[in-house]
Amino acid sequence: MVPLSYYLILSALLFSIGTVGVLVRRNPLQMFMSIELMWNAVNLSFITFARQYTNMAGHVFVFLVITVAAAEVAIGLAIIVVVFRTREHADVDELNAMKG
Amino acid sequence: MQDAIGILLLPALGSLIAAVFGRALGRKATSYITVGAMAAAFLWTVSVVWRLLALPPAQRSFDPVYWQWIHAGALQVHFGLLIDPLSATFLLIVTGIGFLIHLYSIGYMEGDPNFQRFFSYLNLFALAMLLLVTADNFLFLLVGWGGVGVASYLLIGFWHTRPSAVTAARKALVLNVAGDVGIMLALFILVMTLGRVSYAGVFSHVSSLTSLQVELVAFLLYLGAAAKSAQFPLHVWLPDAMEGPTPVSALIHAATMVTAGVYLVARAYPIFHAAPVAAEWVAGIGAFTALFAATIAIVQNDIKRVIAYSTVSQLGYMFLAVGISAYAAGIFHLTMHAFFKALLFLGAGSVIHALSNEQDMRKMGGLKKYMPITYWTFLIGAAANAGVPLFSGFFSKDAILGQALASGHFWLWLVGVVAAFFSALYIFRLFFLVFHGKYRGDAHPHESPPVMTVPLVVLSIGALLGGYVAVPGAWNLFDQWLQPVFSRYPGGILPAAAAAPNWGAIALTSVIVLAAVYVAWRYFAGDVVREELPAALRPIHKVLYNKYYIDELGHAVFVWTVDRLAILADLFDRVVVDGIGMGMARLVWGWGEALSPYESGYIRRYGLAVLIGGVCVVAFLTLVQ
Amino acid sequence: MVSTVVFWLAAAVAIVGAGGVLLAKHPVHSALSLVLNLAALGVLFLLLHAEFLAVVEILVYAGAVMVLFLFVVTLLMAGTKTPRDEGRFRLAYQYLLAGLFGLILFVLVAHALVGADWMSSLAATNAGGSFGSIAAFGTALFTKYLLPFELTAVVLLVAVIGVIFLGREHGATRK
Amino acid sequence: MAAVIIIVIKGLILAVLLLTAFGVLTLTERKVLGRFQFRPGPNRVGPGGSFQFLADGLKLMLKEEIIPNGADRFVFLLAPTISLVAALFAFAVIPWGPPIHLFGQTIPMEIGGPNVGILFLFAITSLGVYGLILGGWSSQNKYSLLGGLRSSAQIISYELAMGLSVVGVLIAAGSADLNNIVSAQTNLWFIVPQIIGFLIYVVCMVAETNRAPFDLPEAENELVAGYHTEYTGMKFAMFFMAEYINMVTVSSLATTLFLGGWHGPWLPPEIWFIIKVAAFMFFFIWLRATLPRLRYDRLMAFGWKVLLPVALANALATAVWVSVVAR
């Protein structure tokens, strides 16, 4: 058996990679995928803790996270499609109308 | 008596319907609903009075409680109605005369584009007044009190396109609210000292107050009463309130609003009994106001203004009465006044209506032949107002003067008698100027429609015969009717009331009044208005015509003070308030300027900032702690 | 032990997948890497006795969400040039700072995890027989956590409405 | 370790069987279609043309591999692999017979049986979409791309109705384990109480495998050959294999869920299983020979507006029946 802390460290690693991914990708789709990566890293830690405490709450939470993430992806992709339709490019650095 | 709340609900409903559905319902239906609400309220009141009369006098008091409004520690305020002969009298006046005025308004406001709004306001006014007179505690009295102030503001300023009307409405509201503050302060004292606001609770514990406290409460209550009832020097709003439509003037002057002060003093008689200084003050100011306003009324040329000052003068009589504890006499005069003053106002309104909104008496005259009904009913009203023997005003005014004399207030009596002379003079001057002589205007006078004359006739019957409920030396049904109210707590009944009438004094006032009528006839019944005055009288006329310069004085004193205060406030505003405000703004501005380069618009930069912040938090949590 | 081998394999695949998301030039490759990562996570979930969630992860994430991603990517990227990160570079040090702080974040969290007391007791407890089963999950979801479950229904409804609104073809956005 | 070895052995056996079945199926389809159309079908290689599939396989393997210019080579190669692997994997959880006892071991007749078996199956088949969409995209050909998008949209849409049509069975059986579902049908096949679910499933099953009349993704006259237009040789063969193995898988699942799985009198259970699956396969061919292709918007509307609500209602009705009436 691998110690459960390994799972948590893996989760932290995936989360960090996801974070960096959000910050370095210019394509909104790839940023979005990085966010999904972060979601799933968190899911892994939830399930690890659920296993540790043999508590189904963690599982329920992951389920809810997956559901909400699905909703979020639907909305997010719709927004990206709309942006793409009007701007004909997909570069977040070009979307800086709110510049101070 | 649980059902007495219906009397309040009817005008409330009427007002609401007229306000919300008025446009949809149209003029006719709206007027039917609102006038019908008042009629129904009047009939309801009659049934209530009838049921009261069926009971033995000692049991004629009901205090149904409907719900609890405030429950704060020891302080508990319920919404309850107090139905006893005093409030029933006011209910009758408000609903009865109110109904007639509503009816009259249908004719008077015929062409007004905001007909429905007017009737909504009228019903609202009636509701507030009914709440005022039926509340069983000071707090709801204050609610009604404020409601009356608001409704009067709306009604006086009804023609809100006239700047003068708006100014008058604002003036009335400001002075009224000044009075409201007085009542509020009195209420605070009562809550602080007694912890209760209901009439029963306060009146049965008046003895536990120190004399200073009770004098203070009485003075503060009187401040409210004086503001609402236009006592010197707070009377200035009332003549200006003539800017409203004439039915409003009638409603405010005769039936409702201005009598609220008299009601308050009469209702709070245990307090005023325990505060002799305040009571003397009330009586003194009352007598002075009676004389003061009567003298002004003599020289005014605007028909409504004369009647307005007449009201102020008559209110002075009432305050004189309640100030010397002649409560029943005061209420008696109030009731009679309600009849004849409503009559006078509606008669004046009829004249104004007939002359296409002409209000200057110099352009009237000789209307007798054009408007017979108005003429005869107005004559009755004038006679009652003057106190011509055997008219209602005669009985009630003499009741007050007689009790003033019997209770040893000789100087007050004397002032009252002099004021009676002027009263007769000004009202018959008005009467002769308007109806006798030759017509001096250029309109086409005509008699008013029945919807306006019928209320006049009804009111003239009241003004003619109302006084016979209390014939000196024979019977006094009015005193008997009110006795249960004023015998509940000490101080309600003046010992002198039972004394035999002073026939000599009555005869004296009668002669004086008749003399005044003669003088008026002699000088004002002619075909032309005398413009020249004896040189000796000119300065006096000038002073009187300008109402003793009270407005100017008040203007000077208050405006000067307020101007100086405003300069100070302006300085404060600029330096301190603006300093803080602008300083904050500059601070925020500066921060914004300093930070705006970081609002790069690059979402990845923001994300990086979030990450750095998050890393710092995690570092703090894991490494420092 | 088989499970140990599986863990290391799955973990390696997951990291490779994550790295692919981070580094792949084309979004399609990123998406594929993410699918790989998700599959590996599914295996890890199985190792943690979360059988139902392992399947849900594959079914919903890999099977539906990522297909949606691919859909959009193939739809939008067809015929357009991939935005090259080299061109029009505006954010100075973005890569450096992001990488640095990402690394710091990972080191901090890992350090905290390894150093924490409660970690020593991990894996000591054995899962109960029904732990992670569809029955246990259903019982928890529909009794204790019914309200959040119902709320996700609202979230989904809102998302559906939002997507329909965004996806409307109206003159302004449609040429 | 013995368990792992057994799994590996079973997996190998199954893979060989499925690939053989693919060969037999292609031949059968061509022959049967020929009969439907009053022609002999392939009849040159071997007795009655029975070795035709070997010849076809040889041809495909020896053909030149063409990768279009500008295509994403890695993804282009990956796509058919995903399709085939997913198709093979999906079969792993289907029990095609009762457990047997061999060398002192009880060996269940499926490769792996997590207690969420059926969900696993759906999860794996849903991964099969990647093959289509990636194949379509990586070909750098608009017909391929459109075919890929169409097929993935179609499969995702019908997957919902399919999953929901099965919910009734799961509720009735009280388990998501396919072995339990089979044993729950000892007395009564679920096709009787779950007839609505069965009908929906059959429609979805055809749509899921992109077979006629739902073969829109490869509609020749609109999209040439859809997502596999650019594929040749062995890579094309892998797509082809995946399609037929998927047919076998969904048929097996239908058998397991609705037709009592391997239950049957007299004959060995495995034979019964094969007979039932073969019946479904014939049904597939029959459909292809009989029905014309649907229009695409009709197809989507049918899936979303008819099948999905009906499947939901069926699941709800079953739940009510199980929890209220049957209790």
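Letters A, B, C and D name the chains as they come in the text, with residue numbers starting at 1 for each one.
As a convention for this text, contacts are C-beta pairs under 8 Å (C-beta built on N, C-alpha and C of every residue); 3 or more make two chains touch, one makes a residue touch a chain.
Bear in mind the structure is a predicted one, so any value in this text is a computation, not a measurement.
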item	value
Central chain (by mean CA position)	A
Highest-count interface - the chain pair sharing the most C-beta contacts	A-C
Interchain centroid distance [CA atoms averaged], chain C/chain D, Å	28
Mean-CA-position distance for chain D and chain A (Å)	32
Chain centre separation in whole Å, for chain D relative to chain B (CA means)	93
Distance between the centres, which are taken as Cα means, of chain C and chain B, whole angstrom	77
In chain D, residues with contacts to at least two other chains	none
For chain A, residues that touch 2 or more chains besides their own	19, 23-24, 26, 93
Interface hub residues of chain C, defined as touching at least two other chains	52, 56, 64, 75, 90-91, 94, 98, 102, 105, 109
Touch-based graph of the chains, sorted into line, ring, star, complete or other	other
Interchain contacts, given as pairs of chains that touch	A-B, A-C, B-C, C-D
Chain C partner contacts - residues on chain B that touch it in the complex	600, 602, 604-605, 608, 611-612, 614-615, 618-619, 621-623
Touch list for chain C against partner chain D, complex	2, 26, 28-29, 32, 35, 42, 46, 51-52, 55-56, 58-59, 62-64, 67, 70-71, 74-75, 78, 133-134
Sites on chain C touched by chain B in the complex	90-91, 94, 97-98, 101-102, 104-105, 108-109, 111-112
Residue ranges of chain B touching chain A (in the complex, touch as defined)	595-604, 607-608, 611
Chain A - residues contacting chain B, complex	19, 22-24, 26, 31, 92-93, 95-100
